[in-house]
Every structure is written in C-alpha cells, then in structure tokens.
C-alpha cells in the first residue's frame, strides 16, 4: 500500500520517457523527463527559478485564500437563506461563465499592473468552484441534524451555522477547497500574463522561445508545490473528518 | 420569491449602467448595458453571432460531456478502491496543476487544429473539478448505507455502486457537474485561442482590437447559454433529489 | 485541374493584410489555389500546428521560425509582408515630457525626476521581437538611463489595455492598435516608429512547409506574386485594400475607416521583399543574445528562400 | 395560563404531492407544572409530531400552543428525539455538552455537567468515543444525557428507553423518577410501553385514530416510588390498553 | 455441520486510538434449523455485533462462523438492522424491494412481493412515501418488510419491534410466529424485552459481561400459538431475568 503512489509515478514517468524516445511525439514538444534535470539546473543556478517560485507563491497563497474565503462565505449565505439564493441566482448566472482572461482588463483597471491584480485573477479562478461546493454542501445538510440544533435553542443563523451546518458540510466544503488548491495553480499561469513576475510569466517566456524543457521544469515545479500542499491538505482533512473513519 | 431573481438581475444591471456613466470606469472597458443591443445587432446581422454560437456549442457540449464522464468514472474508481487511489495519487498531483493553456500544444499535436482539440481542452478544464467532486462524494458515502447493500448481497463493486454509492453520492456529484457546466464556458475561451472558430475566438479577436462592446456581447451570450443550461440542470437536480425535500 | 488547397495559419493583425488582399482580389484562385484560414493568437501555437501537419502556410513573426528549424521543423520563408511593425506609444502622463526638441532619454529622466519612479513600458516577454526592439530603442538608440525606464512584460492584449487605462506609462503596440488607441485617447502619443527602434526590424513573413514547397512550388509562387501585387495595391489604392482587410480582419469588429487609416499610418510599412529582413533578423538575434534573452543565435541558413520573390518581381 | 403547556385546538396537516394528510386534529391539552404526563398511542398516530410542535420544530396548521417561560437558566423545554440524532462529528461528551453551550457556563463547568449527565445514564466511560463507535442503546442513552444536562423545565421524551434492555431500562426509569422528585420537573413522555407509562406517569393520555385525537385520559394516583407489580398499575394498564384496542377496532385499521 | 449456523470460538476486538476493546469472547453457538432463537443481554454487550458478524458485516478477530448454504432462491440470511437504515432516496416500496433485486424476478413479481411484504407490516398504504415522511415505528416496520420480502433461510432480527406500540408489536409478533410456522424459517432474534423473548422463542440465550459471553441458555418448550400469560413463560422470564441481573451484579457495573 505505501509503495503504490511512487510506483504509480514511476510507471507514469516511464511512459513519458518512452513517448518522445519512440518518436510518438516530437521531443521539441514533449521533452523526456531525463533531460529535465539539466534544464532545471540551468534555471536554478541563474536564480530565475527561486525568484519565480517566490513571486508566484505569494500570488497563489493570497489569491487562493481570498477566493476560498469569499467562496465559502457567499456559498454559506446563499446555502442558508433561500431568498438570498434567489436574489443572486440570475446574477450568478451572468457572472459565472466570465472567463479569467476577460477579467484581466478589470484587474488592470482596478489594481494596475501589480501583484494584487494577479491575486484578483487567481481569486476569481477559484471563487466559483468553492462557492458552488459551499452552497451545495450547506444546502444539503441533513435536516434531522439542523433540528437538533433548533431543539437546543440554536435558532439564529450564526448559531446554527457553527453548531451544525459548518461541521456537517465540512466534507463537501473540503472537496471544494481541495479542487481550488489545484485550480489556483492553473490560474497562476493565466494571472501572470500581464506583467506580474513569477512562474507563469517565466513559462510564457520559455514557451514563446519554444524552450519546452524549461516550460516542463516549471510545470513540474508547480506539480511539486501542489503535491506538497495537497498532501498537507489531505492529512488535515483526515484529521477534520476522523469522526467518519 | 418568484420575483427575486429578476429583481437581483435588475439591480445588477442598474449598477453596471451607473458605473461607466458616472465615470468610475472608462466606458472603453466596461460599456454600459444600454449600448450593447446595437453591438449585438451588428454581430447578429453579419451572421457572425450565430456561427460562433453554433461552433462553440459543439465544442462545449462534447467537451463537457467527455470531461464530466471521465471525471465521474475515474472519481468513482478511485473513490471506491483505495489501492487505485493510492496508485494514482502522485500522478494526479503531477497532472492536476497543469493549466489548460499548457495542454494547448498537446491538443494541437494530437488533434491538429480541429474542433476535437478544443473539445480536448474543454474536457480537461472540467475533468479535475468533476473528478474531485466524484471522488469526494463517493468516498464519503455513509458506511451504514453501504452495509445495507452488503447485507442484502450486493457485494460486488458494480452492484454496490448502483444500489448505494451512486444514489447516495448524487448530491455531491451534482455539485461537481454544476460547477463544471460553468467552468466549461470559461474553458471554451481558452480552447478557441488556436484557430478553432467559435465564441472564444471571436471574443479574442474583438478584444485584441479593443472592441469591448462586442466582447461583452459574447460574454452575455455565454451567460445566457449558461443560464439556460444551469436552469435546466437545477430543475433536474430538484427532481433527482426530491427525496431530500 | 482541381484547385490545390493551402491551409494558411494567420495571426489576425494588420501585417497579414497582403495575404488577405491577394486572396480576396481573387488572384490566388486564378492560379488554381484555394485557401483555408486558421487564426491563431500566437506564433508558438502555430509552430505546433506546423509540426502536427495541420497548416501549410505560416503568416506570422519570423522569430519562432528560426527556433523551429533547429527543432527539426522544415520550413522556408518565401516572402515578407511588413517590417518595422512595432511602435512605441506613451500615455498622457509620460507624453507631457516628450516635448518637441527633448530627447527621449531626457524625457524619461524628467519623468522620473517629477514622479520619483521610472516610467513603466509594457511589451511582450523577453525573447519576443517587441521586447528586443523596445530594449534596443531604450538602451542603444536613445541611451536612456536604465534607472529611468522599467520594462513590464505581458501579453499583447494586456499591453494594449494597460496602455489605454494608464496602468503603464507606455509600451509597444502595432497597427491597427496604434490607430485605435490614439483615436480612443488622443493624449496617447507615438514617440518612436519601428524604423527608429530597430532599423528594418523583421515583422510578419510568409513561410511554407518544405512538403508544400516540394509538391506545389507553383502555388507558392502564386502566393508570393499575390503578396507583391497586394503590397503595391496598398500603396496605390488603400481604400480598396481596406475593404478586403476589414472583411478578413475585423468582420465588423472595427469599421473600415479605422482600417483604412491604419493601412496608411506611418506605423505601417508593407513590403514583400524577404531580403530586407535577413540581415535584420540576424542582427536582432545578436542583440537578443547580448541582452541575455537568447542563449545563442539560431542559424538562419536555409531559412530564407528569396527565389520566389525575385521571380515575382522580375515578371 | 393554566399549566406549563397549554394546547388549544391544535391540528396539523402534512402536504405531499399536493395531497393532504391530517395528522393531529383539534387537540386540547393542558400539561400541569410538575406532572409526569405519558402519551401512548399506535405507531404513526402523531406522538412525535406533537412533541415536535411543542418544541417548535413543526408549525401547527391550526390552534395555539403556549409554553410557560423558563423559570431558571436552562431552557423551557428540551427534547429527547426518538432516534438518537447524535452529531456524528462530536465525541460523546461534546454531544452531551451541546445544549450547555447555549447557557452561560465556563468550559470547565460545562464539562462537569456533561460528564455528570453522562454518568447518570451509565456511560461516563465512553465520553471520548464518536457516535459510530456506540451500540444502539448507548446512542439513545447519550441522547437522553444531552437533554438531561440542560435541566429544562419540561423534558419532552420521545420513546427514550425503547432501545434498552429491561435492566438498563428499569434503572433509568428509576433514575428519571428520582430526578423528577428531586427537582420537580415536568415530563412529557411518549412511550409505546403501557407498563412503562403506568409505572412512571401521573396521567396517561391515549392518542389514537387518524387524524390523531385524545381518546383516553387516565390518572395514576399512586405515590412514588411505586412497586412495579402494584394492582393499581395493572388496572390502569388494562384501562389504557382497552382504550387503545377499542380505538383500533373501531377504526378498522389493518393491525 | 450441525446446525444452520455454527459458531466456534468466536471473538471480536475493536481497536480505537490504538486501544483495544474486546466485545465478544470465545463464543460457541449452534443455531438449529427451524428454531426460533432469542438473544437477550444488556445494552452494549455485543448483540448487534454478533448479528453483524453472522451476515458478514464485521470480521471476527478469532474463531469461525459457518452458515449453511441457501436452500432456496432467496439468500441464506437477511438482517433487520437495529436502526431502520432505509435508503433515503428510495420510496417505501422500493426500499422493500431492495433485496428482491438480487433475485431473478420480473419487475411485476418484485412489485407484488414487496407490496405483499409491506401489507404484512400494515403499511401498504404508504408504499409511495419517502422514508423521511414516516414515523419512527413506520420506518422500523418498513425495514422489517424489506427483510421478510427476500424470504431468507434465517432471519436475523435486531430488536425489530422495539420502536412499536404494544398493539402493533403484538400483532407483528403473532404474524412472525405464523410466518415461521408456515415456512419453517429459522429466526435469530435480538431483543431487550424478556416477555417478547419468552413468548416467541424456542431457546433464549443470555449474553452478558464485558467482553460478552453466553451466560445463560433457556429452553421454552411450549407449543405455538402460546398464551401470553402462560405460567411457563412467566417462569422462563424469571430465569432469564435472574441470569441477567446476576451477571450485572457480579459484574459490578454502574447500572
């Protein structure tokens, strides 16, 4: 059991190595993993790598936190109060499908070419995912349990929220947050297309020079950072949901 | 109650109209809703509008369907079988944060500049969302209910799935699918940045020529299509979950 | 004889105008060539499309091609369409300091003195042609002090938007955006044309895959012939050319008048002669290596095939 | 008001697929302060629904319900649900402490009272377990402790002992009687066990019919502590049973 | 094998936070084909756990369990859970039909059998409701119907009647006796009601102690149908009660 995750990764890497080597894909577009350490070393020694990570991590963390908190807050409000859900339902439908890229002009107008603009784009990238997860989780909490809170006098919204809704919705909320943790990395790339330095910008630059190996190095960097965070998250989730085990 | 959704939309439109008119935002970026009908008419009479919608709807539908089905299928498998979850866990962490844009080269290489490449990008855009929702929903099904299936002899995976896991996970699954329905429109824009005709391409063209009114017309078109779909979906969800009411 | 279909990948910019004009005038069809267009947002995506064999003709910047050749993608530049596309525009905040008679370096210096921070100029990421030409203009041509100007890299759309809202003090844009932004905000000024930034800076070219060249060299000739005629038409009858370009590019997004203005603006310099950019391309690469945007120069030998252009102009 | 709870003309109708089912019909009932009132009646007659209305979980379709305001710090009412309804994410001790969080108590005080309440039902040992680690009877006892902990004026109990073996059940019955005598609490006790009703209650109402109406009201005047085999109880039991069976026969129901 | 179920040296240990709790210890038991075996014992002794082991929901830590293969189309065993555990998304009729979907039946046949089974517990009227629209006793009866519907060789019943009023309960007891006599089914019946055990069972085992062991085994030789007030039943009841109380006292447990 403990060896399965690395085993899976190994199989994956083997296939990846084979594909360009067997000529199934031009190595210019999919460099085999074996050439990556050299590319990484170049980036690392030039200092670009650390700087890019450092910048992006900042945007990532703030954007993820903002988007997640807002998504949870609004999802809870509309999940708890039917009139709020109705009032927002059409507006949500208008704003929901607006792609991250379309927000870029607004980000520039409101925040200028500044890291906060990138944070904004990332926050929007995760907001909806968390919003719908929170809304869905809150509104499908077992009514029997809500009645328990009611019967013991926790009838105001906040009380009900803290005593029952939030803990009962935690599994669903965490699914949303976990999805957001991944989505935010995707959004980092989109968020850095306007003058904000970081991983995404470096990747774009490498991509425009067809330096695919460097692109992949940064992709794996993101994967590594994401993997770390996701592992921590899964452990946390296990603790929060130990009552399920 | 019935009037709340349009009321909310009206308030939203009023604020939107006010913001550029009061000079809070340059109308070049946020055209007030009142100028949009004219822009729409221009697009509509030229035939561009219908063609763009038609093309995009194709990519959208196929991409959404593919991504959702794959996400559900894989989410179910890893949610049901712990070894499968472990085997894939690290690989998932590597692939999860790869942004849609980074898949573009592969889409082009594997599918050429063809609608199927756009479908691929859209499918990836929704896959992870649905995957995590399905995985989370399946793996947090109440064990008491699984035992009922067990006790009545439904012990094989597929039996258990059909009798208990799927129906019990439906609320969580639907949250994922609903999120995907929105996300897929976002992905349409990313999917059409390379030569595949449709809404996204038209928007990008307009955006690169700074024709914001046309961009907004297409944004609202997406909102309308999404709103329609989401409404149908919510109704369907209500029917599927009537046992909750 | 059934017409040959050329699958053409284009970036929808004004510099691609000669191809659109040649097509819409019917010159290509007359030579037995049908066309199918695929629009892209960036050059690298088009390289991938070349590699996957979905396009035959490439109409975009020359820079990615040199790199692509080193990665085993056999492609030849047979004509140019425009040169010196990029221009430097500045927003009103910075334009104040570009008074007549004040050298750009001095204007930047005064701006910094007045505001306390360097002027931010938006362009595309390091390694791109706009970035290199902007740097060339700043550091080599105008000898601006590096403390007085900062380069901010972003996408093309974002650059235009940032300039329009004044989120940056200036940047590089090309037609028709130059015309559009100066129309929207007359305070935005063009302070350097492409020729000043980097003489003969290479712009959009027409390139064809080796396979297409081998099988249909007569059709390639037709394309180059068309491009040569189209460049001439833009010079002689811009209004007529504008109609075609508006149809192909804007499709109702921008009005014909704006396109017409852009076609004859000083920022537009159409030419079909590939010879004009060979040396400039090499020079640009040398400069990019110098500023560290490129590791090394990609060899250009074999990239250009001038014979079609020579034949087109001889007849 | 007359009693601690006054119910006047109470009726309740459920709507389902546009079709209405009347469950309670024109019910009048006064619960006297300090009394132990048992409610018996066939399955599905509306006993749980009545308690739910009293504590405000269900809205009556007609009539009024008046509850005297709380006389102490605790709430006026507390309900032991028919199913245990423990919060699965809380350990046993925290489930018992739930209601206490509404009162102004220190953390330590809360813990003390929860533990004391848990000890009353004999489960102090299992304080740190999660609900899914309990047996069915243990869960029901935790739910009982949860309601006892808040020391309400009126305890509403919906078949609280039905999942318990005879011995545990009798011990808890006696414990409940002791608590009541010590504190003078009012208890409204739904049960399907006639012996239990006669052993515990001062008055027993029989709810039956469809929609549910009060079809019998019996007083048991015996002093506590009672002897389980006392003839008075036997007699009261027979009367209640008669009321139940009579109603059922006259109703022509399947069972 | 000797009986329809043979249990040899069965023991079961739960692990929680690294700490082990032994629930069942070295249990030997043979269930004879066709007999009605009642299991009584205090709350938390392991009665439910034993049934769960038999039907394969829990793995024993030691010992063996052998169950005779099914003699008909139906399953060898079916379990009525202590909590009703209806599937909330299925209407009542489909909940009852659940087990039937495992058998090779036409849709119509399934419906017929489910409805017949529902009628046995007196709920044919509520066939199209969802579980949350039922009262507690009604839910428990649906769960009972669900197990009856599949016609297993051995019915495992975990306090199936504990949520029911006296009348409904007695009616169902008699119904169960009738079914058993007509079909010769084996029944393993957990109850906390000693009267119920003596009225229904051929043999009664008392489970008590911690970990749970068999501390008493009583036979009731009276023919069915029995009279509830028969002296033999009273005597058996006293014996069982003695076994239970004795164990509890000797154990020094809180209650």
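Going in written order, the chains are labelled A, B, C, D and E, and every chain counts its residues from 1.
Assume contacts are C-beta pairs under 8 Å (C-beta built on N, C-alpha and C of every residue); 3 or more make two chains touch, one makes a residue touch a chain.
Worth saying up front: this structure is predicted, and the values here are computed from it rather than measured.
The chains touching subunit B as well as subunit E do not exist; no chain touches both. Where subunit A touches subunit B, over half of the residue numbers in use are shared by the two copies, so each contributes mostly the same positions. In this assembly, the C-alpha centroid of subunit A lies 36 Å from the C-alpha centroid of subunit C. With centres defined as mean CA coordinates, subunit E is found 27 Å away from subunit D. Chain geometry summary: the mean Cα position of subunit A and that of subunit B are 16 Å apart. If each chain is reduced to the centroid of its CA atoms, subunit C and subunit E end up 83 Å from each other. Counting partners per residue, subunit C has 42, 44, 48, 51, 157, 161, 165 as the residues that reach two or more other chains. Along subunit E, residues 83, 132 each make contact with two or more other chains. Residue positions of subunit A with contacts to 2 or more other chains are 26, 29, 105, 109, 244. Of all possible chain pairs, the ones that touch are A-B, A-C, A-D, B-C, B-E, D-E.
Subunit B makes touch with subunit E in their complex at residues 144-145, 147-154, 159, 163-164, 167-168, 170, 241-244. Residues 14, 16, 40-44, 47-49, 82-83, 119, 122, 124, 129, 133-138, 141, 158-159, 162-169, 171-172, 192-194, 241, 244-245, 248, 253-255 of subunit E are the ones touching subunit D in the complex. Residues 26, 28-29, 104-105, 108-109, 112-113, 193-195, 201, 204-205, 207-210 of subunit A are the ones that touch subunit C when the two sit in their complex. Residue ranges of subunit C in contact with subunit A, taken from their complex: 42-44, 47-48, 51, 64, 67-68, 71-73, 120, 122, 124-128, 152-155, 157-159, 161-162, 165, 167-168, 294. Residue ranges of subunit D in contact with subunit A, taken from their complex: 55-57, 75, 78-79, 81, 83, 85, 87-90, 98-99, 101-102, 130-132, 146, 150.
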